[in-house]
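Pasting a structure here, questions to come.
Chain nomenclature is as follows: A, B, C, D, E and F, assigned in order of appearance, with residue numbering initiated at 1 for each chain independently.
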């Protein structure tokens, strides 16, 4: 159970409901997932977060699937179980195959391992890697 | 300064030197970066790590640039300054443009923010995100 | 389920029971929460932790509610679900309003985001911020 | 040295310069700190971040000093050295005394310790802490 | 529920099944735990991980129980609930007594606390601690 | 440079100086390392921390060297550069050989890797691992 109750449509205020409606319209689904229903207690943060998600995750120099893979990687390193689930689902919806998923996990595992080694040895940054 | 001295070629043992030579050959450069020189105190881990890097970072279902982006994302979330520098350099060498770098950072920042919100609210995973 | 069984009063040793009694007296409640019941397997750590909680969380230059907000912030960044729940409840008991909760989460989310950006860019500390 | 060069005024584009000017005006200082100069490579993220900082850190249900304390707490738990320095300086500028600083650190240290204990024991959340 | 289904023997491919069989033989048990069943979707990572576990966790300059204690410590700091459970069980199987468990947790808690203090104060490393 | 100045003996108050003297006596050295000099701004936390270090790190069911290894492991996972340096030095002073150091790092790296995999897959805890 969440730290706060998840707000159903009939419990959400007008400002939160407007965001729910926008989520439904942009994602072409009736389903509003739990993250937004928990955030709805603070409509200002709900709206700011949703606006930022749309701006950042849109196609650009990186394609949306690559952005989802990066999202899963960060969520894993931060230990966010909710985010790992929701963005793995998002990546699949955008075309992530089982092979891609396997390679994503292999890179995350490798990076976690070498991050730990570099930190445990306090390896100084090579001059050529500095701006 | 590292927790252990960085081993120069003439200080490294034969097994470590063989890995250094393989790094030089595969990367077509004379330069062996500090991470490998710190790891050289333990040739078995040096070799296992270098072998794993080659296996995981090779082209596959994901292309090598995407893998570097994921590596930077994990290294940032884990707070590994060395790895952020080395893999940002690696991503640039594989074609990351300033626009891609900007979008990478924007996704990392967004994920860090929503990870924190989901954790602070302990949002329960939606059934539809579960396997 | 915990990694160790939660000790009921009748299962706890005399030293642990004395801490339970002190918790009940100081907090003016019969309820001893799960954290203490799990710690009770090691009465020395149980007592040292409870003593430290009392010393640190008492009113001082910062008031107890502010201390609870800081506690929730650290617990979120460390990904401790138990602690997020117990200290959010503690903050509410000390007067945290929904508006305060919303602002707490907004600061945590903002800090998480700029922490990631500063790390990913390895921004050098300005001289004026150094002691 | 940063992963990217810090942009001086004369190197920053018009959009970034407008943010620098706004920072100077709002903070009533000529000094623009390194974080913003590193972010200036991506004017969109620079502006979005600065806008969010202003919205979130403004006086509200929590006062600005309390918000800075929370910021330091998150930055510490996330291991962001730059942010620890800049927000400790920010807290001092807003009135944090040495006594407050000492209590802030004591709470951060205590929370880090009990977070670790609760995680190592996987303590289940008490029903009464759930929404 | 996992992000991917746990593969039963009859669902796993030949390469994954060979690893399962090796786990059973080496551990002298019929039980294959969930971690390996989740990894079985990517037989290459399954095999590489199992091989590395055997190489690293074998008796050497450190005995296997000490290695399990270190494993629990890292898993706690990384907030991995699964790993805390499985490696605490592993440590018990290798002889960890309740007293050892209590001392392990006390060291983890102390380190977490002083890690936070050193980070919040950005204490410079003493020259004598450098290689 | 630290967030606060490191206090020299002549700058420290009487209560902090008493702790410095106790550190010198117990460790049989004139040297007081930077961590304690930074903590000396808050004598209460200085004393509480030093007392706890003595209680926790003393010989018990685990020997002091094993405790230092666990300390290095936690410090690495938490990304505390100061603590990695000081406790690696502490472990060496207590008898850690280069072979032990190599195995310590190999376990830390392996755990970091499997922690990430278990988190990215959200592997459910096996019933047999639960208390």
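Everything below uses one rule, namely that contacts are C-beta pairs under 8 Å (C-beta built on N, C-alpha and C of every residue); 3 or more make two chains touch, one makes a residue touch a chain.
Keep in mind that what you see is a predicted model, and the values were worked out from it rather than measured.
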**Item:** Greatest separation from subunit C - chain, by CA centre
**Value:** B
**Message:** Using C-alpha centres only, name the chain that sits farthest from subunit E.
**Reply:** D
**Request:** Calculate how many whole Å lie between the centre of subunit A and the centre of subunit D, each centre taken as the average of the chain's C-alpha atoms.
**Result:** 21
**Asked** Per the centroid of Cα atoms for each chain, what is the distance between subunit B and subunit C, given in Å?
**Response** 34
**Complete:** Distance in whole angstrom between the CA centres of subunit C and subunit E is 26
**Prompt:** So which stretches of subunit B touch two or more other chains?
**Reply:** 1-4, 44-45, 49, 52, 74, 76-81, 84-85, 88, 102, 104-106, 108-110, 112-117, 119-122, 130
**Asked** Which bits of subunit B are touching subunit C when the two form their complex?
**Response** 72, 76-77, 79, 81, 84-85, 88, 104-105, 108-110, 112-117, 119-122
**Request:** Please give the residue numbers of subunit F that touch subunit D in the complex, ascending.
**Result:** 3-4, 41-42, 44-45, 49, 74, 78-80
**Prompt:** Mind pulling up the subunit F residues that touch subunit C in the complex?
**Reply:** 1-5, 48, 52, 55, 130-131
**Message:** Give the list of subunit B residues in touch with subunit D in this complex.
**Reply:** 79, 84-85, 88, 98, 101-102, 105-106, 109, 116
**Message:** Which stretch or stretches of subunit D touch subunit C in the complex?
**Reply:** 1-4, 6, 31, 33-35, 38-39, 45, 49, 52-53, 56-57, 60-62, 66-67, 69-71, 73-83, 85-89, 97, 99-100, 102-104, 106-108, 110-126, 128-130
